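You will see chain A twice below: alongside chain B first, and alongside chain C after that.
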Partner chain A sequence: MATTILRWCCPGRRWVFAGIGGGSRHGRGVPTGSTSSGKRGQRSVAQQPLITAQKPRKGEREWAAVVGLEIHAQIASNSKLFSGSQVDFAAPPNSLVSFFDASLPGTLPVLNRRCVEAAVMAGLALDCHINRRSLFDRKHYFYADLPAGYQITQQRLPIAVNGSLAYSVCVGKRRSQMVTRTAGVKQIQLEQDSGKSLHDSLQSQTLIDLNRAGVGLLEVVLEPDMSCGEEAAAAVRELQLILQALGTSQANMAEGQLRVDANISVHNPGEPLGIRTEVKNLNSARFLAKAIDYEIQRQINELENGGKILNETRSFDYKLGCTVPMRDKEGKQDYRFMPEPNLPPLLLYDSESLPTGTDPQQVINIDRLREQLPELPRVTREKLVQQYGMLPEHSFALMNEVGLLEFFQNVIKETRAEPKKVTSWVLNTFLGFLKQENLAVSESPVTPSALAELLDLLDRKAISSSAAKQVFRELWRSKGKTPAQMVAEKKLELMQDTEALEQLCRSTLEAHPQVVTDVKKGNPRAINKLIGLVRRATLSRADPTVIKEVLERQLSS
Partner chain B sequence: MLGRTLREVSAALKQGQVTPTELCQRCLSLIKKTKFLNAYITVSEEVALKQAEESEKRYKKGHSLGDLDGIPVAVKDNFSTAGIETTCASNMLKGYVPPYNATVVQKLLDQGALLMGKTNLDEFAMGSGSTDGIFGPVKNPWSYSKQYREKRKQKSHGENEDSNWLITGGSSGGSAAAVSAFTCFAALGSDTGGSTRNPAAHCGVVGLKPSYGLVSRHGLIPLVNSMDVPGILTRCVDDAAIVLGILAGHDPKDSTTIQDPVKPFTVPSLTDMSKLCIGIPKEYLTPELSSEVQSLWSKAANLFESEGAKVIEVSLPHTSYSIVCYHVLCTSEVASNMARFDGLEYGHRCDIDVSTEAMYAATRREGFNDVVRGRILSGNFFLLKENYENYFVKAQKVRRLIARDFVNVFNSGVDVLLTPTTLSEAVPHTEFIREDNRTRSAQDDLFTQAVNMAGLPAVSVPMALSSQGLPIGLQFIGRAFCDQQLLTVAKWFEKQVQFPVIQLQELMDDCSSVFENEKLASVFLK
Partner chain C sequence: MWTRAVWLGLRASAGGRRGFSSKADPQGSRRVTAELIEHLERLALVDFGSQEAVARLEKAIAFADRLRAVDTDGVEPMESVLEDRCLYLRSDNVVEGNCAEELLQNSHRVVEEYFVAPPGNISWPKLDEKEPFSHC
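The block that comes next holds the complex of A and B.
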């Protein structure tokens, strides 16, 4: 099925900054030039919804940005949305293509039950109204990796509507406060993915891989309730976590299982919304935020310089850090929507409306799916805060890395240490080590049991916290040893022999009469010097608080 | 033997009077003799002989697969056939060999039927004459019948007979001609606006359009998905019922087929006529209707009445909007369905390689004829955002009204509607092509199209020969999924009218067996 065709013009490559407004635009962030405006955009936009333009022309003008998102998530299912072809992202090109996927004439779509369930579950998780009857439509456009010349989607009556997505962003001067925001979910629709075009510019040809053609997608349309890149990224992140928790999508942006298009406009508060642009194919959370903030700032600059915003599609050039118009999306696209005549309306039931005597394999019961919904990330976080008294941002941090929460919970299970201590160790020390070496939680050389044991030693005051850090470093480096072994080997345990400590303290006092005099004169810092001296004498194996107690006792006697 | 009905020849096979291979060879030889009819695009001789061989083995072992085992059939060339070229009579699909069988084809093969070949049609089934395909027009076997020639001799003097051959109607003209010329015992057509019934009427055979959803469309290269139905062309109603019985039923590959299990189709003889109510839609009495068809229509109505049935005039008030409504819906779906023919995955691809868009454009220009391109153009116009509400949505609403007309009539107690199938008998090709495809389609689909809008079953049954010696068929329309009741009425009617067998002796004088049933000939309506 591999087919070689002519090269498509790479979107945005031969880009000309033409036709936008009039007047001069010197020094603007054109793609070939500096990325300074991109950076500026980021700074000024990211933190707050209202942006004060940096180069005001007619006095201080306030700008508000409006961001809506269309998110495509590939459904995790064994087979495609309308055909029996397997779904596997690592398969050789064109090895997973049914006759239907290749649009052979006479083939017909057959809806995959699993994909419908995934859409219903996503709808329920996002508090949507689930339409008991939804319809499929054809959306027409010619593209080499769209074999039928149309995509089957749900334009008129999607499977779920009117939901909401709560997400949190950091605010405040130190960005330490979490605030919950909500974006409306306009609709969730089922649709087909396209194939992939691989442009070989050297040989001036395009190679088509249809493995992805027809894979089920959930399109989640978020209302324009966001106002900056950070909010958009946070909303996408939350959706990602939800879909992963549901198991409806792996939602890995890097692998293209989650793709985001953003609709962006700016206006002066109190005035009607501005003309929007669409920034397409944002494939990482970082670029998503960056692209949106760049585009907001670009629009502001454009308007402040007396220019106009065109209703156009742009793509984000991550190398240049700016958005550029997509050449092949120029001109008016009319998708010529039409009902898909080969698929009858999709009917869903609840326990009440379920017709009697139906084969459960033939119908989908929404109530059944609702019962099976797993715990959603929001609830998990609330539980963490309640159960362990952790800060909300810590609950977010725990859920932000794949496997981190599970790691945390396993440590908690096995240790007597305080949850706060565990949280701190997992989020600071453990996560720090992972990040430094760019490892996933599953790749960690330190097991939850080892960390639990280490925290137990710390909790029993068998070792000092600085010794504990040292043990952790050792554990990270040399697999297979237990913390206790490590402590014994390196002689890191705290001095339990009070007689010996008394002796050391006494000799230290005797050796430093001047410091003792200082203490007695009332210099509050002098005692610390003595503590330090004793600690050094114990090779850091004594608890400073215990040393202080002993010293104070000896000094006052 | 070839002149027999499917049921008769099936019995002969079972009794060993003829072997599948003999039957197959006779049909193949007749196909060659009648090649000038242009009924077949592809003759699958090797495949058929192989199938016959296997069938023969089964018969020898006494393991026949059923009524269709060893029976030669033909399939319209818009049904996918694995390993056999499927062209839709279009440059676009010339040389295209599907890797799979349409469900209906597979069902025939599973029953042991012998596939003689793929029959001619209008390009992508767009037409009503079987004149607009790249392989040229299909000639109506009746052009060469004794019945027609004798009448012509009386009238015309010295005209070149061969240049006056008649069209078959369409778009399943190849299938109708194949059955009519005895080259097979049943053929598949497709019916979107009358494409099975129209050529059936012109060729003097039975043409059945089953209820939408009763027979799988999987593998049928679509014209209008929401109206297409595989059609059945046979020499008698019973044969159509046998084939329908095999084809009907849910297909997991076609989500629009009904889920309910389908009972086997047996067509009982109609005994109690008093319980039957026949509706005569008054809107079908149009000025364009030929007086001959009109008089046969009323004769038929009288026949029912005289035999005790209740015959009443009914109204289908939205009929007159059917043609224009169909035009919008059909072209819209055509525009969509044809989008896949871009030369990338299969089919024709032009040599132009300046850009992908240029390649698409040239491929499609070279691949499609004017009729197809014209429909794509109109369809895309109707689907434009600015036009969608005014055209497509309105047409859908009208379609619903048309369908409701039928529901109302059937709810009022009517069992079956009786109408003409065509305006007149088949016309000579020279006359037919005086009008363009669009005009012809609009005229010729007049009585048949509304049925597709409503998804109802309908059957054209040949009634009698016109004064010119050409067949005229009448149409029965039934309630949705009451195909059996429809066929019961059609069978009764068929028995009453005793339509004459085509006499093709000049055509194939060495095929004497064709005329075994000659005694049936010249039996006219009493």
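The block that comes next holds the complex of A and C.
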């Protein structure tokens, strides 16, 4: 991380100024030049660029960055948004394409109920106001993977507006403290996905597969409340978890089900916002923060060298690790929005306004959907913290790995050990082994029952903690044996015979009179030597704390 | 269709309604500049071809402008004749698709079940720079 050359916020230092970066949505009084909703591509053109009287010296000014996100999530539905062809990631090219998707004349869009429900659920989960009436529009541009020449979207009146997304970042010197930040959700809209183009530079042609054309997308627009790559990545991660919990989208970035575009600008604190650039093609969770931070630094460097930022679209080049310009003249992109003439307004109802005597299949009741909302990640984490007394960071870690939470809960069910012990073992030992061998939880050679049994043995003090780790290592490597069997085989049980232990301690004291004198003289570390000797004598089958107790008692008598 | 789009654009700047961006004429002017023609030709892929066509365009705009004589302050615009209709909601079942062969017959060139298109967008002859429009 380029922390050394950064003179702007994250991570660690934060400035709080009105509405920017402080996570507050209310302080958005700073003029952004946005005069109408959804006038995308035009937002910051009206802003004043940073002009100073004299050329700034390097390192003199502090910088603040402003990051907004546009996130596209593919809706997990059987069929597409406006047609009955299948939604599938891997299928022979152009096999999942209906006449409407191919934009053949005479075809009309027919809205998929499941997609509307998905959008409403996402809106409810993000505390949005659900528009009882929303409209569809056409966004025109020419590209081979957009057969109709336009995309049906919701530009004027989207289905949900004005929500918020709470996410957490690690702050503090050692990044040990978790704080919650909020990003405003400007709107959520339904729109069509385009097809896929494969560029064949050898033959100078593009191959088009329309399987993806027409698949339903949820576009979530986040207000520019984030101030660095880390915050943006955390927000995206939380949104991913929410969508996955709702079942509205699998939100897997690697499979293209979640795509992120970032709008980035920099300015000096207290001055108006700078010109923004749009960075597209951020399709990897790993590179999201990196790309945003790169762009922020690029803009700072550019401005510090007296240059200007162009309102342009850039793309992130993964190989080079930098952003490159995509389109020459952003100004020429005019989408000519118009209402979609083939679709009446989308009307949603709640329990009060539900019209009587209508086909239930044809009406959507927002209250009904609200009742059926699954538990959100935030609530799950709160419950974990309350129920098991774990730190918030732990609850995040448990939810961050597929299947880990379930594993944890299964162990808890079967063991008598304290939850804190279980948490520690699952997050440190178990997860550590998984990561080392790059395995998913489902591929783990150790079952929840096995770990539960092991923790029971530890809890009963039948074995020491170092012996437990040893057993765990063995369990990982060889299946088929239970922890109890392994303990018996390797004779790892703790000595239960107190008489024998007393005897061993006495004989050790007698054999090392010099050390005994050291202890009696007041050397605090001498006792550890004695403990070590006794331990070795017991073949590590005695608990060090018990040994210490016995030795101290014997020494003082 | 473009007439309507331009008209909507003009209305937007005139009536102050949100929504549509337009690089169209400033409010009230009837002249259609060469710049606008070039812009429209690129956006809509139509060919104005002759001065006659441009003149016809100006007449069409003037004709539509007469709508401004009506005072519509405080009146909610009708955006669709369908606004009272019920939007039909389809159940999420797979009922279409699987007709690759049929669809590919429509294409001039095909490579292994893919449609073939030229790389990127074709440069418009009047532009002096290319438009590398890569959209993922």
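A few remarks follow.
Note that in this section the second predicted complex is superposed on the first by the 494 of 557 C-alpha atoms of A that agree within 3 Å, B and C clash if a C-alpha of one lies under 4 Å from a C-alpha of the other, contacts with A are read in each partner's own complex, and residues count from 1 in each chain.
Operating definition for what follows: contacts are C-beta pairs under 8 Å (C-beta built on N, C-alpha and C of every residue); 3 or more make two chains touch, one makes a residue touch a chain.
Keep in mind that this is a model prediction, so the values were computed, not measured.
Touch criterion not met for A:Ser164: it reaches neither chain B nor chain C. Look at A:Met338: by the touch rule set out above, it reaches both chain B and chain C. Residue contacts after overlaying the shared chain place A:Asn112 against chain C, while chain B stays out of touching range.
The partner that reaches more residues of chain A, of the two candidates chain B and chain C, is C. Applying the stated contact rule after C-alpha superposition, one finds that A:Ala102 touches each of chain B and chain C.
In the superposed pair of complexes, A:Asn305 makes contact with neither chain B nor chain C. Contact with both chain B and chain C is seen for A:Phe142 once the two complexes are overlaid on the shared chain. Using the contact criterion defined above for the overlaid structures, shared-chain residue A:Asn281 touches chain C, although it does not reach chain B.
By the document's definition of touching, neither partner reaches A:Asn410: not chain B, not chain C.
When the two complexes are overlaid on their common chain A, residue A:Ser201 makes contact with chain C while staying clear of chain B. Across the two superposed structures, the residue set of chain A contacted by chain B and also by chain C is 99, 102, 104, 110-111, 140, 142, 144, 206, 208, 334-338, 341-344, 362. Here chain A touches chain C in the complex through residues 36-39, 41-42, 77-79, 83-86, 92-100, 102, 104, 110-116, 135, 140-145, 155-156, 194, 197-201, 204-210, 259, 280-281, 283, 315, 326-329, 332, 334-339, 341-347, 361-362, 364, going by the rule given at the top. Taken in their complex, chain B has these residues touching chain A: 79-80, 88, 93, 98-100, 102, 217-222, 224-226, 252-256, 259, 332-333, 335-336, 338-342, 344-346, 353-357, 359-360, 380, 383-385, 388, 392.
If you check the complex, the residues on chain A that touch chain B are 1, 3, 5-9, 99, 102-111, 138, 140, 142, 144, 147-150, 206, 208, 334-338, 341-344, 362. Note for the complex: chain C touches chain A at residues 1-2, 4-5, 8-9, 18-23, 39, 42-45, 79-80, 82-100, 103-104, 106, 109, 111-121, 129-136.
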